[in-house]
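We call the chains A, B, C and D, going by the order they appear; numbering starts again at 1 in every chain.
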Amino acid sequence: MNKASPRLLSIGCGAVYLFMYLPLLVLVVYSFTPTEYGVAWEGFTLKWYIAVFNNKYIQDALKISLMIAIPTVIISTAIGTITAFTLYRYKFLGRALYQGALYVPLVMPDLVIGISLLLFYTSISLDLGILTILLAHISFSIPLTTLVIIARMQRLDRTLEDAAMDLGADEWTTMWKVTLPQLMPGILAAALLTFPWSFNDFVITFFVSGVGSSTLPLRVYSMIRLGVSPMVNALGTLIIVAPLIIVIIGTYFDRRSVS
Amino acid sequence: MNKASPRLLSIGCGAVYLFMYLPLLVLVVYSFTPTEYGVAWEGFTLKWYIAVFNNKYIQDALKISLMIAIPTVIISTAIGTITAFTLYRYKFLGRALYQGALYVPLVMPDLVIGISLLLFYTSISLDLGILTILLAHISFSIPLTTLVIIARMQRLDRTLEDAAMDLGADEWTTMWKVTLPQLMPGILAAALLTFPWSFNDFVITFFVSGVGSSTLPLRVYSMIRLGVSPMVNALGTLIIVAPLIIVIIGTYFDRRSVS
Amino acid sequence: MKRISSVELVRVSKRYGDVVAVDNLSLTIAEGEFFSLLGPSGCGKTTTLRLIGGLEQPDAGDVLIDGEVVTDLPPYERNSNIVFQNYALFPHLTIENNIAFGLRLKSRRVAEPEVARLVAEALELVHLEGYGARRPNQLSGGQQQRVALARALVLRPKVLLLDEPLGALDRKLRKAMQIELRRIQHEVNITFIYVTHDQDEAMSMSDRVAVMRNGNFEQLGTPREIFQTPRTRFVADFMGASNIFSGRVVALGAGAARGASGRTIQIETESGLRVISSDGQGRSAGAAVEFSIRPEAVQVFPRDRDWIADNKFEATIVGKLYLGDVTELEVALGDDNSISSRIQSSIDQKFGFKEGDRVSIGWNAEDCNLLSSGSDTTRC
Amino acid sequence: MKRISSVELVRVSKRYGDVVAVDNLSLTIAEGEFFSLLGPSGCGKTTTLRLIGGLEQPDAGDVLIDGEVVTDLPPYERNSNIVFQNYALFPHLTIENNIAFGLRLKSRRVAEPEVARLVAEALELVHLEGYGARRPNQLSGGQQQRVALARALVLRPKVLLLDEPLGALDRKLRKAMQIELRRIQHEVNITFIYVTHDQDEAMSMSDRVAVMRNGNFEQLGTPREIFQTPRTRFVADFMGASNIFSGRVVALGAGAARGASGRTIQIETESGLRVISSDGQGRSAGAAVEFSIRPEAVQVFPRDRDWIADNKFEATIVGKLYLGDVTELEVALGDDNSISSRIQSSIDQKFGFKEGDRVSIGWNAEDCNLLSSGSDTTRC
């Protein structure tokens, strides 16, 4: 390519980024505008942010979201670690099938997962509420955590375990003192990815939530149904910032685990 | 661990899989039961499948879904290839920031993306319809395709390009005859992952679709609002099978690209 | 006396699927011996090491350490330790904690002050005093290698198993570590079993060497025996005796060989050369025979020079490699045969040999090393 | 005559950030020469090769190929080709199409029957007839190496650049390929520039060798010059002359040296040894001096034996490595000094040397190789 190409490519690249991120920028900008129903810039205000922070419904929804996301992260990371360990370490019939099955939920519509969970909980007469949301979140987070930890396991040096056993450590000691410390960066990365995965979910939660168990996305949705208010923009802006921080931390840990 | 451990672990692993996949199985089973509102097994029937295939609304929705998913795959894979190439090959200020920014949409709630896109299209007075859905899908698919192709690029052997130029090929010839053929498995994997990504989307599409532009997930949703009929179960079962096939093909190509 | 040997393998076999890695192998290694398993990759040498260490279980046969059967014991109950090829240091632990890993395990019950003392002693043994607080990735390859050695030796095993421990080091460091390993072995007086594919490494350090092939021994003996009198074509080739000929015995006791021991025989090679070899007892006229000649034994002189050798031929120099002290000449004998000769570079310089020169080459009857008739059938 | 040289570098420099990879380097290589760039990793040898090939642009200086300045030409407009260390064969193309890659480019306009003829010829040159339809991953390392060679040679470059092409091959194959490379170079008569960190490889094939360090030449000469008379401590060390001493000139013309050329001097080393060296012209009494002795020059005999050498000492054997033809002895001279000696294994066997033996060692004045006073200041 000639000398002009790199410039041409970076202009094209810039346009792509504008296309991807301009809408989010617009949302952020509008969250600081005072007009209630307009979509034009009419001065700067923080009133919508104040409204968000003073809204009891939003506070309650945030509490419920965290009450679900935090146990989801802990439980699904723990189960994911054990599942990854079992799948990776032991040879058994159909292991490849088991491992391949982990990809299925990741490419299935949330809508179908939501419907099937609703159907399932109804058929076993489980009351919809925080418990069903939690169970649903754990169930769709396990494939993610398992896959992330398996990826880390594949980079694990098996001779470290051989060495530990050769030096006198039995299987359990080897697992605790050698395998798990090696796996830690992957486990942390899985946990940090699962949090937004659970916190952000709307569709599945929508199906399996009962009355009085609205997570933050459900609350935002019901606010929208009452008309798009700039308060939603403010809340949306806050939600954009949160995962950003998590991404930065997550990338840091993943980099560390590579090096 | 003692001799019993592997068995214990595989029992635990089985329980985890049951927990994840039983609801989907229940959905599949119920799609073959004749009772309209019951949730108990009362014999075998294919009538809901026949109903699905004869439903004009579903056919129309499927057409619209494909009309959006196919161009989305083509356009976002093409843009993703160029973006990945630019990000990977040229050093410029803030490149790490650009690359990091690709992760943002992947951990942001669909709801916020949907709201911001709706706000954006409204503010530039774009009529909601198939065009806005297509633009939205392309915009949220580009980060995915770019990341998949960058991952492949990182495994690329740069000396192959050195060799091509040393043998007399200029930059364009090198890109066409050496770089792109090497990148092909990654490009195919990106395309195969983008298809369900676009086809399955509900939340974002929900916000940016206009009247008469219902995709399949939107159609399913409106069917559910009229009550969960076994026809939805049948449709859901069909939707489960489709991505399964794509996953199998995708895994195959990804494996090939690794080896 | 109960103790007869440090390590003993009795008819040990190990398969992976269809591949036989170790094939009915028996072996006795004496206490304090430096024993090397030498062979190309895939010959079963590493598997043999792992069978002794307990990281693999044999399909048949028994492993004895210090006179006791340990075949069914897991690695952590065996009195052996391994130094791994990639060192296998624990990256999350400091050097000190790496070395103390085995000592601190509950099963050993070593008190903490004793642990500190033993670790300091081990660091001193490998000349790494003051490195205890570092992490493995802050050390060079050679230093990591020595930490791995210290970590294994601190447990005072009956036998130390070394799996190509010098493979990742550069040539100079490898030479230094060979001397170091011998020193350490003399100091701790532990049986060393050393796996390598490098004949120089095996020869330079070992009391005995076993050349392995297809899961069994091709030849077992002192380095000198294996280097000077390889018994099979495989061993001769592997030890770098690149001149190997096939032929047939045409006469017994023929020719006057200088300094020859045993009965001399005359051989006609497939390409028609007539060669006199010593040590021909047991060979009968007409029998097929293979022999090797080390390049160092092949002398090269200008054609007009008068000199004596049992076997002398006219030849042409076709290649020349200057290797410093020595120069390697590739010499063509007629159309089909070529032979390598290694001469002192000073001699090469004196005669000014160059490619294309017609020369006179030769070697004595005692330099012909007769190989076993069937190269695969030899078992130790 | 316009053409004066095949490749010429004129005061070429190349930096990467703060690191100077090539530092004001000048060099002239004659047509048809086999020239090696030898040095440890990071010495700038590969960068020099890439500067000639056009894969890097120099920050200063000029590159000439065949008498023409090519400094600003991209690699695809230069009459040079590279054989890469990892071969860099295109995995998506067959062997045939790999070799034809350069020929089929539009800029070359080679007709298809001619392409087929040239490819067949190239495959023949590297002895790979019949492999054309395979893929690179179906070939062994040595075969891939030869395909890379064929792919570069088929374009008949003025100069062939080889970047450690034998690095990934095992020892036996490497030896065979060294002979093969010389043969091919003679056959095609193209200038070869060969990058390696292996002194044996550089010595065995090259007409001239440049030892590189920190982006410039430490010494440039024939293999024999560099091996026998390294000019600096770095070169001596790199070429395996592991005995290097520092000292001070204490007397001029002293001592009767056997076979010594030039003026003899007497040196007292830092540890108090008194050594007589020849070639001492230009050294003054009291001056600091360094010298190296090749292990082959150091003779070892039992103490009770009567023998003559310019420099003789009493010493103790502290290490012994059997290397086949030769045996390396590590000998302690007093507390601080140790010296390596390489003797014929037959001599070692005759005297039965073992560790701990007190022996007499020695070497002649002419075997002391005096090094330049400042090892860094030498420029070629």
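Of note:
Simple rule for what comes next: contacts are C-beta pairs under 8 Å (C-beta built on N, C-alpha and C of every residue); 3 or more make two chains touch, one makes a residue touch a chain.
Since the model is a prediction, treat every value here as computed from it, not as a measurement.
Taking the mean of the C-alpha atoms as each chain's centre, subunit A and subunit C sit 56 Å apart.
We define each chain's centre as the mean of its Cα atoms; on that basis subunit C and subunit D are separated by 27 Å. The centroid of the Cα atoms in subunit A and the matching centroid in subunit B are 16 Å apart.
Those residues of subunit B in touch with two or more other chains do not exist in this structure. Judged by the touch criterion defined above, the protein chains form a single closed ring in which each chain touches exactly two others. Chain pairs recorded as touching, per the definition above, are A-B, A-C, B-D, C-D. Residue ranges of subunit D in contact with subunit B, taken from their complex: 53-55, 74-76, 80-82, 84, 86, 88-92, 101-102, 105-108, 151-152, 155.
By the touch rule above, subunit A contacts subunit B in their complex via residues 1, 5-6, 9-10, 12-13, 16-17, 19-24, 26-27, 30, 39-40, 79, 82-83, 85-87, 90, 92, 98, 100-101, 103-105, 107-113, 115-120, 122-123, 138-140, 142-143, 171-172, 175, 193, 196-197, 199-203, 217, 220-221, 224, 228, 232-233, 236, 239-240, 243-244, 246-248, 251. Contacts from subunit B toward subunit D in the complex involve residues 157, 159-160, 162-170, 173, 177-178, 181-182. The residues of subunit C lying in touch with subunit D in their complex are 172, 175, 178-179, 182-183, 186, 199-200, 203-205, 223-224, 227, 239-240, 294, 296, 319, 321-325, 328, 330, 342, 345, 349.
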